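Take this structure, written in structure tokens, and hold onto it; I'll ask about it next.
Lettered A, B, C and D in written order, each chain numbered from 1.
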Amino acid sequence: MNFRVLYFASLRDQAGCDAERVDSAAAEASVLYAELRARHGFSLAQDRLRVAINGDFALWDHPLSDGDEIVFLPPVSGG
Amino acid sequence: MNFRVLYFASLRDQAGCDAERVDSAAAEASVLYAELRARHGFSLAQDRLRVAINGDFALWDHPLSDGDEIVFLPPVSGG
Amino acid sequence: MSHFSLAERPIDVAGLARELASGAAGASVSFEGWVRDHNDGRAVSRLDYQAYAPLAQAEGERILAEVRARFAIVDARCAHRVGALAIGDLAVWVGVSAAHRGAAFDACRFIIDEVKRRVPIWKNEHYAEGESGWLHPDNTPVE
Amino acid sequence: MSHFSLAERPIDVAGLARELASGAAGASVSFEGWVRDHNDGRAVSRLDYQAYAPLAQAEGERILAEVRARFAIVDARCAHRVGALAIGDLAVWVGVSAAHRGAAFDACRFIIDEVKRRVPIWKNEHYAEGESGWLHPDNTPVE
């Protein structure tokens, strides 16, 4: 499947890009994050993050579909 | 002794004036209020009021001196 | 510098807010009290505030000094209108700046609570049906 | 009408406050979050906010809907800057109008607490000594 992944904050710095297209067989967001963490060397463990799929918060075991937009959300710090 | 007495809110309405000079032998503010309540028909009992003498809050048994400025303060309602 | 003021004209909110601005302050909380069009089920047309000005000024300053001693704030201001006000007019303004928001919220609420409880200012509401009445601190009428 | 907004330019506080004005509202509480010149003992020179805009907008609106359901308020607004900000710039503004002040204070604090906890916005501080760092919700650095 092909996913669009967006990066923010420290993940953006470590990935070196705002967004990328990713080909992966990952069936769940948790598997996809493990793959991308290994590739980019993300310092944040999964339990520090939330995940959003297609613009809304989702569970880590939510089944992924081809074409999904996936965002791994570091701890927020607005305000 | 001669006192200057200022009135606010319902006391002003009932006294029909903002301020008056009062000749009285009252040694304490509580006695002076009883005299003025009888004269003007004030509806508020003393225990609903605070008293200020010469610009600061005072106790009801504070000794009065000739020339004191005395203000009986109805329950406040600013804000 | 005066921290509490009685205002016979519209309160200069922008000017007061500028006095609070500081590079050390990350948070500011402000309270505005407006003249409402109703109270206790009655339609209000306008109101008057009377103040015993020297004591109101002194007591207001005491409250502002207390709040600076009790809370971790940078600075605070309060202004209260006196005289005749119309519906929607700003009657009282409180502003607090602080490094962190918790102290700013707590201090702002402390100020308005204490001002309403302690400062010798009286509100006389004029009702749409033509009567008027002096109010208690809880906004019920003085009998 | 939008109750939460992401702002790429200075927040129009006067415009937002006008949206809150109402004859039925006797109280208004507002919160301003400014860029401080220091954090955690380090001198800050400027900062950037990134947001995942579609979700930030949706989550901000959810918070504002929750606050209207939970508290006896008339209305509420929140705006948050994104992009590059300097010391003293307004980063976030919250305003709440209500018939009575208790609900206005509680609702204003609820909004800023929830926005800081839930809305996908990230602050990158640039320090005077030249480094920069992404921050946690408690303003400690992400390791």
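As a convention for this text, contacts are C-beta pairs under 8 Å (C-beta built on N, C-alpha and C of every residue); 3 or more make two chains touch, one makes a residue touch a chain.
Because the structure is predicted, anything quoted here is derived from the model rather than measured.
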Farthest CA centroid from chain D: chain B
How many Å are there between the centre of chain A and the centre of chain C, using C-alpha atoms for each centre? 49
Measure off the straight-line distance from the CA centroid of chain A to the CA centroid of chain D, and report it in whole Å. 26
So which bits of chain D are touching at least two other chains? 33, 112
If I count partner chains per residue in chain A, which residues reach a count of at least 2? none
Which chains touch which? A-D, B-C, C-D
For chain D, which residues are in contact with chain C within the complex? 21, 23-38, 87-88, 99, 101, 104-105, 108-109, 112
Hey, which residues of chain C end up touching chain B in the complex? 33, 49-52, 54-56, 58-59, 80, 91-92, 112, 115-124, 134-137, 139, 142-143
Which chain A residues qualify as touching chain D in the complex? 6, 8-10, 12-13, 43-44, 52, 55-57, 71, 73-79
